[in-house]
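Shared between the two complexes below is chain A, which pairs with chain B and chain C, respectively.
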Partner chain A sequence: MRKAKLLLASVAAILVATPVLADVSVKIGVMNDRSGTYADLSGEGSVVAARMAVEDFGAADKGIDVTIVSADHQNKPDIASNLARQWYDAEGVDVIADVPTSSAALAVNDITREKNKIFLVSGAATSDLTGKSCSPNTVHWTYDTWSLAHGTGQAMVETGGDSWFFLTADYAFGHALERDTSEVVKDSGGEVLGAVRHPFPGQDFSSFLLQAQASGAKVIGLANAGADTTNAIKQAREFGITQGGQSLAGLLIFITDVHALGLDTAQGLVLTEAFYWDLNDQTRDWAQRFAEAHNGSMPTMVHAGVYASVLHYLKAVEAADSKDAEAVMAKMKEMPSEDPLFGTGEVRQDGRHVHDMYLFQVKSPDESKGEWDYYKTLAIIAAERAFRPLGEGECPLVQ
Partner chain B sequence: MFELLGIPPQALFGQLLLGLINGSFYALLSLGLAVIFGLLNIINFTHGAQYMMGAFVAWMLLHYLGIGYWWALVIVPVAVGLTGIVLERLMISRLYHLDHLYGLLLTFGLALIIQGLFRNQYGISGEAYSIPSQLVGAQNLGFMFLPNYRLWVIAVSAAVCLGTWFVIEKTRLGAYLRAATENPVLVGAFGINVPRLVTLTYGFGVGLAALAGVLAAPIYSVNPNMGADLIIVVFAVVVIGGMGSILGAIVTGFGLGLIEGLTRVFYPEGSAVVIFVIMAIVLLVKPAGLFGRTA
Partner chain C sequence: MAADIETLDKQSATKAGAAGMPRLHQVIFAALLALALAAPFMLYPVFVMKVLCFVLFACAFNLLLGFGGLLSFGHAAYFGSASYVAAHAAKVWGLTPELAILCGTAAAAALGFVFGGLAIRRAGIYFAMVTLAFAQMVYFFALQAPFTGGEDGIQAVPRGDLLGIISLRSDLTLYFFVLAIVFTGLLLIYRIVHSPFGQVLKAIRDNEPRAVSLGYRVNRYKLAIFVLSATLAGLAGSTKALVFQLASLTDVHWTMSGEVVLMTLLGGMGTVFGPIVGAAAIVTMQNYLAGFGAWVTVIQGTIFVIGVLLFREGIVGVLSRWLKKSL
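So, the complex of A and B:
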């Protein structure tokens, strides 16, 4: 009898001791544009990417129970705020991922801090998320306006494009991108001749393009994204702007935009991205799996960022042995990140994830070997130069 | 060189011309809406989706069948018009005896469904469609560089608008149509098949939207939301012109294009709202619209 009791006790002890995280369950909310202009570059693809991260991490084997929910914020900050509150307050969401559209992301950033949860930004661009609006609860993974401006902006100025005119989407993202790129242009010895702010989303850009043409600037900087950018590029070609000697700088162009434009129209564009599916064997494998789960379309850098940020988050939960926001954030910043898409990287004090960025040029139809074979690499921008130096962002978290 | 409010006159001419081009899209779309509302009393919220279908069907013809722009110009309005006829027969015709609101809700719902189906199939980023080789290139007007394709758009739009206005206001067929909306029972008593007339009118209105879609495909991004963004502006145009007034739709379409063009020069940030500001003022001062017959 005593023996049996001892045996039972030890079995019980083993049961308690082995699956350390048996009772940790996390709920990830992927919030993005699922119906509007950014739906292809984020949308359902980001949910697919998050699911792949959970699988690859092996959450089930490690005793972490992960649920993924998703919602459409329609690119509107008010809807994004409501969704975030509802998720955090009523539905037990622990972490919100993606959130393109800078104005919406800034709203979610504030609420996440107030509720002491975690925000993994992939889709949004404004560098304010790790600058003056930085938060101890936010990690900004994929790219930002500073990084885009320095990648494409600098490359254009270095090749002789020293006078600029901006076509800017009239909201937080466009303003930030214009501001950051203007700084780069001026610092590199160029000048900014003017800018026109267009309503978001827009359809006809001919009038704005004509103003850009009249300015005589060598480079027309497109500080917008999605259909706005593709429409502007299409119409710039129609109005003979590129043939007239002015060049276009698409400051934020995703592979889905190039796909929509077709290589005929898009060829020669120089752009900055954090990820391209055809970089190495690991990215190709991953992209192949992604495409199989997502109607055959290749991942954008936003999708890649959702995958990598969720993976790093889950590793931090495992390491912290808890889902407490403070503990997990500390682990995310302490551990170097390691994933097949971005390689090794780190999350800085201000929440910025740093990794290499790439300067690509869009191939001509002759150079392309098939569908989705779109970019050739012009330069790899090393991690330490790819993002704004820690001390320059005016982030209050940085001492 | 003298300047007007800081803008050289050449630049201003250029902008006015561009405004006129945008206006020709507004005119073509609002014309279809006005015809449908004037003769069927249906507020056709599916119009934007049908415009999008026009652009997409043109793309499909090229992509799957290799049929180019010129044939698309003929085939697409007919094909999309036929889908309109099917919709009218199966659903919309059941609502004529009810309040406008029901027609509006039905067509709005249909628009969302159509957009959703296209989004599901083709994604949101859109498809590429090139300008036909005959219309590539541009004219140097001295004050601006005007693409040939835009000239073509103005010409087609003006011709179609005038033609439609002429048929409805000046011919016997138009007289039947107008009579049928005034008093369908009486017109039917004269041996005219009123339901068929109404169905064909809806098909024609939808065909106009599809034509605008084909014209738009080479210059705007062909994506499932292209109509949703435009249709609200076009509704404002119709309201300003006077619901159901054909001439009103045409004149305000071109006129508001011009005003919007000017706003893009002097205050670009406001160019998305200027039409709605005008709509609010017109509704306050003349609720039936500028060309509306009755209040």
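So, the complex of A and C:
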């Protein structure tokens, strides 16, 4: 009994004492796929990135007490929404970061708005997050479907890949990606020879690939994601499609996918990303530290986005001297962002963070100088061209 | 023949007692209600609402499997399609929550009538496969139809105002609304099971040729119980859509059909309270073990195997045998 009292008293003392040490205490929830297809490109790495942001910001010295929690949403919108509710209602989470898989991100987007908290998206692709579903509580940091479609579509046509054939996953995400990219290809003066829909998820792509091969298109656009994309690339290699002169354009591919495929299979693939570890000294330094903390694996653009968005958020908390969602969001949009990975950028009114994007080509095994040396830069897409113009997104916040 | 039914009716009426419910069951229902009334003040209300929705779903399924003896492998079809219809009704048509739930439930009933009408022509494994096939068709429809939003589902469903007056935005208010729905559902199931109709069903389950020889139109009874079960599963699905403000592919996926079988078997098939225990156990496990990610399914599978090996009648089934009382 006495012990219990003592324990209670000390717990109470700790509870009372904590706010004295720190002016503001924030709780960041990193929610992503920790066991499935996207576990490599987000997963624990995003938690590592968030932790690095807290360290680099020097939160403890600045009187901001930061706790990081993480959870697995298994890429399902219902689990994501359940988790988000529980975090906001019962566990005092102030910010949710990352959240790959568009459907899950859209669910968290709604709940964050309802509960008036903050959502820093890095892993999700859908451009609806800053379009018709845009919210005053959301910042979409790293990339979106619009920028991927435009980056890859436009650049490919400009470098001579002017006839396209699409291999599309037969669900809403695939259709959207195909539609967006087709428009870009046509606008840039190329032509679309056809498209074939494959079931989702797909294992056997042989008949679809043969159709793509027979179409004679110079570029085969892969409007799918995750395991579908990697399987299609592997099988395309087996059919000798890339060796035959056609090139594959991956519309949603991450460096971890390339790592898993191996250069032998993935070589020649053209893709758009927001970040590559080997861009400059700053990114190399950061990636080195990241790799040390994360079993030697290099960061993806999603990890980079989590780092940069959390850093910018903490700066905004410091500037606002509070964690009130409205005040912090206002500061995040008002202050230009500055970090070693994306350089300078800004958060637009619709929540879109704009920065340069890069068009990369996967190196051949001969060109690669070592592990994780995968990309050569084909083009830098300037920030103002890389993302959908503010007025075209149908975002109700922009008027 | 008519005389037969009459005597059977009378027998069952006397067995069930004048009050309609044995004292033990009354006590258990009262205890459950008390527990449910206290729960949101101790646990996270949204979690308890999830448990409640699955309790109703599992009980509806048990109505078909435990009392009708029909193993459907496609109950997610009714649960999920109802949640889509309810979500669509609340979001796009702007209906009040109770009307949206009714729409969803009606859709499930209609679907149950069509699918059930075809499926009951076969028995055993063929019946199970037919229901599974229909459920896969519904899944494909949900993935492709324009109004379901594909893999995004229908999101940001408004909870709305009950009868246009009481706002359900607060979790606690919604909780008592959900509790009322689920508890009514459970009492209705209890009533069905212990009605003369339920007695006939059990007779068909235990010995179908005999029931036929006694002059019952077996297929009509089977269809009726199928539709009832689908309707109540739909009620659970529509309610879930409002609770989570989301209708998604998870609700129509075949794993959902599997999960409800698991809940029913773990709790005790053919018992009144078994599915309640089973659903609560499985949902709690999913919630508190979520940190293990994909391992949850492995853990669930292990528990299921152990359950089937050690207590084949399920948790409540074993309890009922120990106590020598029907639960």
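As a working rule, the second predicted complex is superposed on the first by the 341 of 399 C-alpha atoms of A that agree within 3 Å, B and C clash if a C-alpha of one lies under 4 Å from a C-alpha of the other, contacts with A are read in each partner's own complex, and residues count from 1 in each chain.
In this text, contacts are C-beta pairs under 8 Å (C-beta built on N, C-alpha and C of every residue); 3 or more make two chains touch, one makes a residue touch a chain.
Because the structure is a prediction, the values reported are computed rather than measured.
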Once chain A of both complexes is superposed, is A:Glu334 in touch with chain B (first), chain C (second), both, or neither? neither
Considering only the touch criterion stated at the top, classify A:Ala90 as touching first (chain B), second (chain C), both, or neither. second
Quick check for you: in the superposed arrangement, does A:Tyr171 touch first (chain B), second (chain C), both or neither? second
Under the stated touch criterion, which partner chain does A:Asp321 make contact with: chain B (first), chain C (second), both, or neither? neither
Which of chain B and chain C A:Gly36 touches, first, second, both or neither: both
Let me test your reading of the model: by the given contact rule, A:Glu191 touches which partner, first (chain B), second (chain C), both or neither? neither
On the A-aligned overlay, A:Ala71 touches which partner chain: chain B = first, chain C = second, or both, or neither? second
In the three-chain superposition, say which chain, chain B or chain C, touches more residues of chain A. B
Would you sort A:Ser103 into first (chain B), second (chain C), both or neither based on which partner it touches? second
Residues on chain A in contact with chain B in one complex and with chain C in the other? 35-36, 170
Where on chain B is chain A touching in the complex? 11, 14-15, 18-19, 21-22, 119, 123-128, 130-131, 138, 144-145, 147, 149-150, 219-221, 223, 225-226, 229-230, 261, 264-265, 268-269, 271-273
Quick check: in the complex, which residue numbers of chain A touch chain B? 35-41, 43, 170, 196-199, 201-204, 206-208, 210-211, 213-214, 226-227, 230-231, 234-235, 238-240, 244, 256-257, 259-262, 264-265, 295, 297
Going by the contact rule set out above, which residues of chain A touch chain C in the complex? 34-36, 71-72, 74, 76-79, 81-83, 85-86, 89-90, 102-103, 106-107, 110, 126, 170-173, 200
In the complex, go through chain C and note every residue touching chain A. 44, 46-47, 50, 143-144, 149-153, 155-156, 171, 244-246, 248, 250-251, 287, 290-291, 293-295
